[in-house]
Every structure is written in C-alpha cells, then in structure tokens.
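Some notes on the structure that comes next.
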C-alpha cells in the first residue's frame, strides 16, 4: 500500500480544508483532480509532512504522516508548480545540493545529479545556470530535481505548465515512463485532463476537501448507454436529420460530431447504411464513452447542483503560499 | 486634462495608505521625537534651526524621494504591471507627468508633515516661535518643494534606466553628494544639496558652520564618521536664493522632459 | 520544413486579404540587437476568434507586443483598427489586452483595481464601478471581487486579468495564454466566454499552448514559427494545403487481415500499418474514396467497424506535422 | 559485449547520517567563494591587518635599534605604549566593520534570494526542517564573518608577539587570543543575525543589504544627534542613549570583552544599554527569521 488515509481532516484555523478523507492507493500512476481550492495542495503538503493533520490517520510508503515527516520527505519526490531554483547555480550544483539535503553522500549526489539531468534530457545544458534556461528546460530541471534522491513516489504538480505542444508531449512521455519503465509511483496534479489521461491509469477527484471519485479511469469512463460518436463528411445537419428520420436518437452535432443511439435491435451497420443512403461517408466513428471531463464534471455535480458548485467552488478557501512565493 | 488627473488620482490612491508612506512619514517625524526627548531634559531650544534642520536637509530631503520615485516606475517595470497602464487610452507623457507629480507630492507630504510637526512642537520651548520663524519656515518649504522636485526627477530616471535604482540612489545622495561636500573647490555647485541648503541658510541669515553644529562631532571612533558626513563642509559657496531657486526649477524641468523622452522610447515591457 | 513549400510562405505579397480586418500587419519585422524575433510578417485578422500558435521562442510574445503598441516595430506597419497603437493610444478605448503577467497592484482589491482601469478609459466613477462589476460577473468572479489580489489563487487572478481586459467592452481583444493556471471548471467557462465574444463579432486574438482548447474556440489559426507565419487559415484549410503528407485513417476492426487485403485494392491507398492487433493505420491520398469504401462495406456488414478516425485532421497533428 | 542500461536508475544506497543543515552550510560557503566579487571583498577585508603586522615589524625594529639597557618594567611599558589593547580594539573594530560588509554582501542575498526565487519550496520538500535550514544558512554566514575577524586578530597577535623586542610580551598578552576569539564570536553572531533578519524581511536581493546599511546609518545618525543634543542637558542619560546605536554599542561591548578599563576608553557609551541593545537586536532577529521563513503560509 503506497498511500493509505483514514478519516484524515486538515484545518487551517477554523477552515476545514480536507474533510474525513479516506483512500487506499495501491501504486501506479494516479491523477489528482479538482478545482482550485478543492484541497489538492493541502493534501500534497500534508502527505509531504509539511502540514499536520488535525485528526485521522495516514500512512505513506508505510510511514506515519505525523511521526515520520522527515523520513517521508527523504523517500518522496516533489515537483512544485512554480519555478524553484536559487540564482547563480548551474543545474548540476542545484541538484547535488538537493541530493545531499536528502541524505545522499556527496559523491552519490553528484552522480545522481548527472544521471537525472540525462534522464530529463538536459545533458547538454547541465553546466549552465538554471536562470538562463528556457521555460521547457526549467520544467525539466524541476523534474530531475524531484528524482535526484531516488524517491519511490513522486508528486508532480502541473508539470506541463507553460510548455509548448512539442515540449508538453516530451514531458508527458517522461512522466509516463516514471511509472511504466522505472517503477516510481506517480501522483500527478493537473488541470489539463488530457495530460492526466495520458499519464495515469487511475484518478481521484477532490472537491471541497472531499473525495468525489476514485478509481481506474477506464472504469469511470465506462457508460451504460449503447451509443456511438459519429461524424460524417458533408453536412452534419443533414446526416443527423436522416438518422433521426430512420428512428435513431442523435444529439445536435458539435465539433466532435454527434452522439447516436441506433434504434432498438440495430447494430452499428445501421449508421453506415444511413450514411450511404444520403450519399455521404462516415468520417469518424467510435463507441460512446464518457470523456474524463464528463467524469470530472459529474463527480462535482454529485455533491451539489452545478450552478451552486461553480459559485461555491470559490467561497473563500484560504490561499496557501509556500515559503518562497512573492506576491 | 482628465487623462492626467485620473492617473494621478490612481497613483495617489495607491500611495497614500501604503506601508511605504507610513514608514517614511514616521521616519520624518523622528526629529520631532528627538526634540520631545530633549525638551524633557530641558534642552533643545535651538534644535529646530540647528540639528533639526541638518537632519532634514542632510537626510530627509535627499533620501525620501528615492523611495517614492523608484517605486513609481521601476517596480511597475519589474513586476510588469506597467502593461495595464500602457494599454489604456492616456498617453505615455501623461503617465510620466502623473507619476512625477505623485512622487513629488508624496515626498513633500512626508517631509512637510515632519517639518510642520517639529515647528509646532518648537512653540513648547519658545511660544513666539511661529511668529518669529514664519519666514524661515516658509523658505524651508520653498526649499523642500523645489529640491524634492529635482530629486524626484533624478530618481525617476534612475528607476527607468538602472537595474538597482535604490542602491544607486543611495550611492548618489549618501555617497557622491556627501563626498563632494567634503572636497573644497569647484565641485560643489554640481550637487543639488548645495542649492537646497543655500535657500535655508540665506533665509536664516546664518553661517554654514552654525547650520552644521559641532554637536555631531562626538568623541568616539564611530562618532567621528558622523562628523565627517554632517559637519565637514564649512567653506561651501552660498548662492543667493533667487539663483538657487532658479537652478532647481530649471533642473526639475529638464529632468521631467528627459524622463518623458526616455519613457516614450522605452519598449521592453 | 519539407511541407513548407506546399504552403504559401509568409511574405508580404501572398497573404490572405480579409474583409473588414481590424488588425492589419504589413511587412512587420522586429529585432533587438542581434536577436531577430519576428521577420517580415504580413497578415490580417478580422472579427471572430483567431488562435495564435507557435512553439516557445517563435516570436509570439513579440508579435503581441507589436500588435498592441507596447513595442515599436523595427520595420513594417501595424494598424490596429486603422490606427497606430504606439502613437495613438486612443485606440485602446476599443482594444482590450490580457497580458501573460501574473502581477497586479497586490494591495488593491479586485473590483477596485478594475474600476480604476476603467476610469482610465474616461468613465466617471459610477459608470466605471458598474462596468467593473459587469465584467467581473462575466468571468464569474463576483463572489471574490472584494478580495485583495495578494489573497487570490492563480486561477482567480487569471480571471480577474481577463475581466480587466473586457471592462470597456472592446471591439478587439488580445488574450495571451488566458487559460493558464485555471482549473477545468474555469477553463470550460472561459472557453465558452471567448467563443461567445467571437460570435458577438469581436476580434479576439488568443494564444495558447493547449491545442485542443484552441481547437474548441478558434475558427482561424495563425501558426508562427521562427518569427515567420508558417500557416494561416482554418484547421481544415491548413490540412488540405499540406499535400506532401498522405491522409491517415485509423480503423479498428475484429478482422484486420482480410480487411487489409481488400484495402490494398482501394484507389489511393499508399500503405497500411498494423498499429495493434486489431487496429490498422491506412495512409491514403484520397480519403474520400477510402471512407466511401469503408462506409459501403460496413453498411453491407461485410466488415465490422469498431472505431474509425481521421487521425490527422486536428490541430495537434497538424502542429506536429508542421512544427515537429 | 553487454549493452548497459544508461537510463534512469533508482537509488537505494545507504543514506548518510549528516544532519540537514550541513549541506546548506557547505553550500552557502561554496557559493560565496564562487562569486568573484565576494571573494575579492573577503580578501580585501582581511588585508588591513596585514598592513598592521608590517607596521608592527618596522616599529619594533626601530625600538630595538635604539634600545638601551633598561629595567623590565620599562621594556614592558615601551611595548605597551607602542601597541596594546586600545590599538587592538581600533584595528579589530575596523576589521569588524569590513567583516560586516562581507556579511551584508553574503547574508543579505541569502534568504531573500531563496525566498524570491521560490527555491525554498523545493528545499522544504526535502528532508530538512525549518530549524535546520535556518541553522545552515546562519552558520554559513557566521563561519565567513568569523574568519574575517578571527584571522586578522590572531595574525596581529602573532605579529605583536614575534616582532616585539620585548621578551616578556607573551606573558603580558597571554589572555588576548581568548578575548579576541570571544569578541569575534559575539560580533559575528550578532551582525549575522541582523543581516539575515533583514534578508528575510525584504525579498529583493540587494534591497535587503541596502536596508541593513540604511538601518545602521539611520540609527547611528539619529541616536548620535539625539545624544549630542542631550549632552548639554544631562550627563548620564546621553551615554545611555548612545548605546542604542549599533555601531557604538558594538564598540562598547568590544571594549568590555577585550578588557579595556573605562578610564582608558575614548568613548562615552553606557555598557548596560549597549548590552541590552545587542541582545535585543539578536532576539528580535531570531524572531523575525522564525516569522518570515516558513514552509507554508496561509493567507486570508
């Protein structure tokens, strides 16, 4: 068991940021989702041992959240969201320092620094000052810094922030390889649902400090409805019209196409037949699944009515700042 | 006109209750605090025109405008909040003028509060203080008004051009101007503090050495440093009030025009 | 860039003329010393949402600065609503900008800050306050508008920044990475708002790295690479202009081998790859023929289609094809 | 021939037992010496004492050359007049000010740049606690300042001993090294704490240094202006007031540690207020450091 929380509550003064959170994460890559102020960063910081839970129990890698906070940080990696590096240091020096702080002997720390920078694709820039790096390279340094002490579990907070499409793809490949190739359990917090879907096989959704959904993404996305997402060449309106005429239920087409439920007893070939009958061809066709965004929105809706949710999502959870943040 | 008054109102609104203003104003009230303590010991009857004036002219007038005018542009550039202003209808000239006037106004306000408080308190030891010294006080305000304008202009430009404007400003006022004052000769007309002090000295009809009393030269290793900075300069040339005032006004005008020109060309926001 | 020759290059003569263009850039170059950020760029932008894309360092932010008059072009001309933004700041009465800085006057309250900015547009106190509240409401931040900026989360700040750009109901709107740091709820709402502004007939120029979101709001794309415009137009138009790349269709079926055999006889098929046990990737020069054939066969139930997709007609794959 | 896997490997080696503050201390010292300007400042800071050593050599040569057979008391007296505690104090005080400049340059940027660049977020996500971080930073600066005060002190003492024409000099100055060491510790701890507090208080790197300098100068000027004006009114009070100027307080405390009798002292500062001020500033600095350096801060 990698992470085991039991009735965990976290308070800031009178504000309860996390309510009775219980979960058991067995390992792998998991996405941590939730709107701003849902308690994601509170949770990460508690699990890192920086915040003390007010009640409940928690174990990470078999270590107690309250008692072993320093040992936890020795064995867990954390990649924070904002840029984080001291001025006038090159990448190797910075990583070596971080390795030593985590208890690596100096030589090992230096070797690990080189190895992690290689892994993050920075081998050519490793002797340059981090300050002068581009956005993409800064993100890679942060990733390498999270790995330098050989953690068994890493938290990645918005690793693709500010990256351009190519950089984002490379970063996601790296994140994915952490678990798949190197066996490091990964907890990825991101606002970009496609990123989470690419890297992780499981997901947990937090909202207002409560766990709203938890489990493998494939299970959550599965839909009972037997329907298809269809897009055709030519006019979609005409196609949808034809489908409805022949007894199917079809939604209004948008950029992704239309969701079509064939009439009872008809199979997918019904859709192709319809297309042929109006002399058009099917451009895209797939079995309907809920998207991760649907899963996300629905899990929030589960708590309260949607309109209220969006408003309530903002009612004044405290803003937490980390040591460095300058405002 | 509206395009200038609105930015001024905005900047003044940002500045008036700010932490910076409170700290600087309190700093300008320090001479009054010293006076009160002295008064309790029964001393300090000539504090206003001697030590008090020296503290204002040597410390407050050159130092206070640094913080206001550096905040005006440098911080906005550094934080890049200037973008919100530059993508609005008022022209760049309007912003410079508004920033200048705001920083100037705030400097006068902080120092003025300090001077006025001290003057009012001085009536404690000399009840006829105001009636006797109303002219001196007036000239002090003239000097404060004119010289803060010049300092504001200089530091506004520092804030636009230099990377560490506060440190540079301190080096300029606490370093260069003081150093020049120690060196007798032709360099002194190149400092602003000469003109600001001259207006006051002529008005009080005093000799420079009265203005820089022996009091600062205290007999200790550390105290001698203070003497060097606050009392070394006894042979300064003293231009007349008109010449000093004219110099300051012209300088302020030139600096304002220069900062407008600099800001219009500036683009790496 | 092998595909570039099949596209028109971003030079002064070949660009698309747009009726009632609000942003008109002609022969714009910008360099800082030795650094050339933008090279001889010509384009026009009209009403609707236009996505400005490009890898980091392609010159997007320089282009933004030039378009909004924050930076003067080294050569060429920039006309915003027919005027020069650098010299005539009056144009900002009808232009809103949402920069990519995450800084405000931190000691001010949200609504107060935006009211002040509105007053810079010449609104009087009451109107400015009303306009500020209205724009804050549009971005859904009414609940927190009295917080100080220092106490706002990144997503809130981002939306406040958006609100300040629409406070004076501008005709032209420049949004630099407006969705950065927002949570999925806010992203969803903001994409909808941008889409709505575009449909209202405003000119919205939006840059973002998250391509599927740009896909969801922009109907026109400007792709900037290495300081030059590499492609402009809708996703469809751009894809069609890339003739050197065959179209790729992915087909998932339970009987891949026989289907592949038959596909080889379909006109235009250039190659077939088995991506997984039941998934074929078919390269074709004429997707219409291929799709027609598949539709026909599936309608006759001769092949069982589980999934069919055109893998390269979306912004992400186009971006990958052109920029790599 | 085998092909090795060069991709990422985990690390399962033995961890060291070194406490978290040690790498930070080591790092701050390394960083300071990597910066050319700071290295230069450090070397220049130590230089004056070598000048004094050279001066001592020539002065003693001169005395030795015209030495006549005189009593032991006279010999001791001559060397005492040439160079003794008051002279030590002046030299070391200047060394101290220079060391303080070094401290301001090194320490002024220390915590503030970590805070400003947000490096603290990553550092605190590692196995260090706030105490360890602060201790590491503090020791990093203190070591350097200590070096800049101790090395000159001992060199001068050695030069005094070696060059002296007086064979009883060792006996007379036996207690000096200990006194110099105590002073060096007192001075570096109090000035480092103050510098670090300013560094934590103000986030801009050089503004912290500037604020520290401004604070010292302003308190110095105002306290001395106040004292000089009070001097005419009351005798004891103005000496007490002067203790609240950091420079003067340090000077007085230094004289006390070095054991210079009040009568020989060329300064009018009350020891009580000087001690109060030095201790109060240290306590205040520790308080500020604790308030301002926190892994997590909750706003609103």
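Letters are used for the chains, namely A, B, C and D, taken in the order the chains are written, and counting of residues starts over at 1 for each.
Keep this in mind: a residue touches a chain if its C-beta (ideal position, glycine included) is under 8 Å from a C-beta of that chain, and two chains touch if they have at least 3 such contacts.
This one's a predicted model, so the numbers in the text were calculated from it and none came from an experiment.
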Interchain contact steps from chain A to chain B (minimum; 1 if touching): 2
Pair joined by more contacting C-beta pairs (B-C or A-D): A-D
Centre-to-centre distance between chain C and chain B (centres being mean Cα positions), rounded to whole Å: 51
For chain A paired with chain D, centre-to-centre distance based on mean C-alpha positions, whole Å: 50
Geometric centre distance via CA averages, chain C-chain A, whole Å: 24
Separation of mean Cα positions, chain D and chain B [Å, integer]: 34
Junction residues of chain A - those touching two or more other chains: 316, 319
For chain C, residues that touch 2 or more chains besides their own: 147, 150-151
Multi-chain contact residues (two or more partners), chain D: 299-300
Chain B to chain C touching residues, read off their complex: 2-3, 6-7, 9-10, 13-14, 18, 79-81, 83-92, 267-269
Of all residues in chain C, those that touch chain A in their complex: 54-57, 106, 140-141, 143-144, 147, 149-156, 180-189, 209-212, 215-216, 288, 291-292, 294-296, 298-301, 304-310, 316, 319-320, 323-324
List of chain C residues in touch with chain B within their complex: 32, 65, 68-72, 89-90, 92-93, 95-97, 99, 101, 103-105, 107-108, 116-117, 119-122, 164
Touching residues (chain side chain A, partner chain D) in the complex: 12-13, 45, 48, 50-51, 70-71, 73-74, 78, 80, 82-89, 97-98, 100-105, 108, 112, 115-116, 118-119, 142, 145, 147, 149-150, 152, 181-184, 316, 318-326
Chain C-touching residues of chain A, taken from the complex the two chains share: 33-38, 134-136, 161-168, 191-194, 233, 255, 267-269, 272-273, 275-276, 280-287, 293, 296-297, 300, 309-311, 313-316, 319, 327
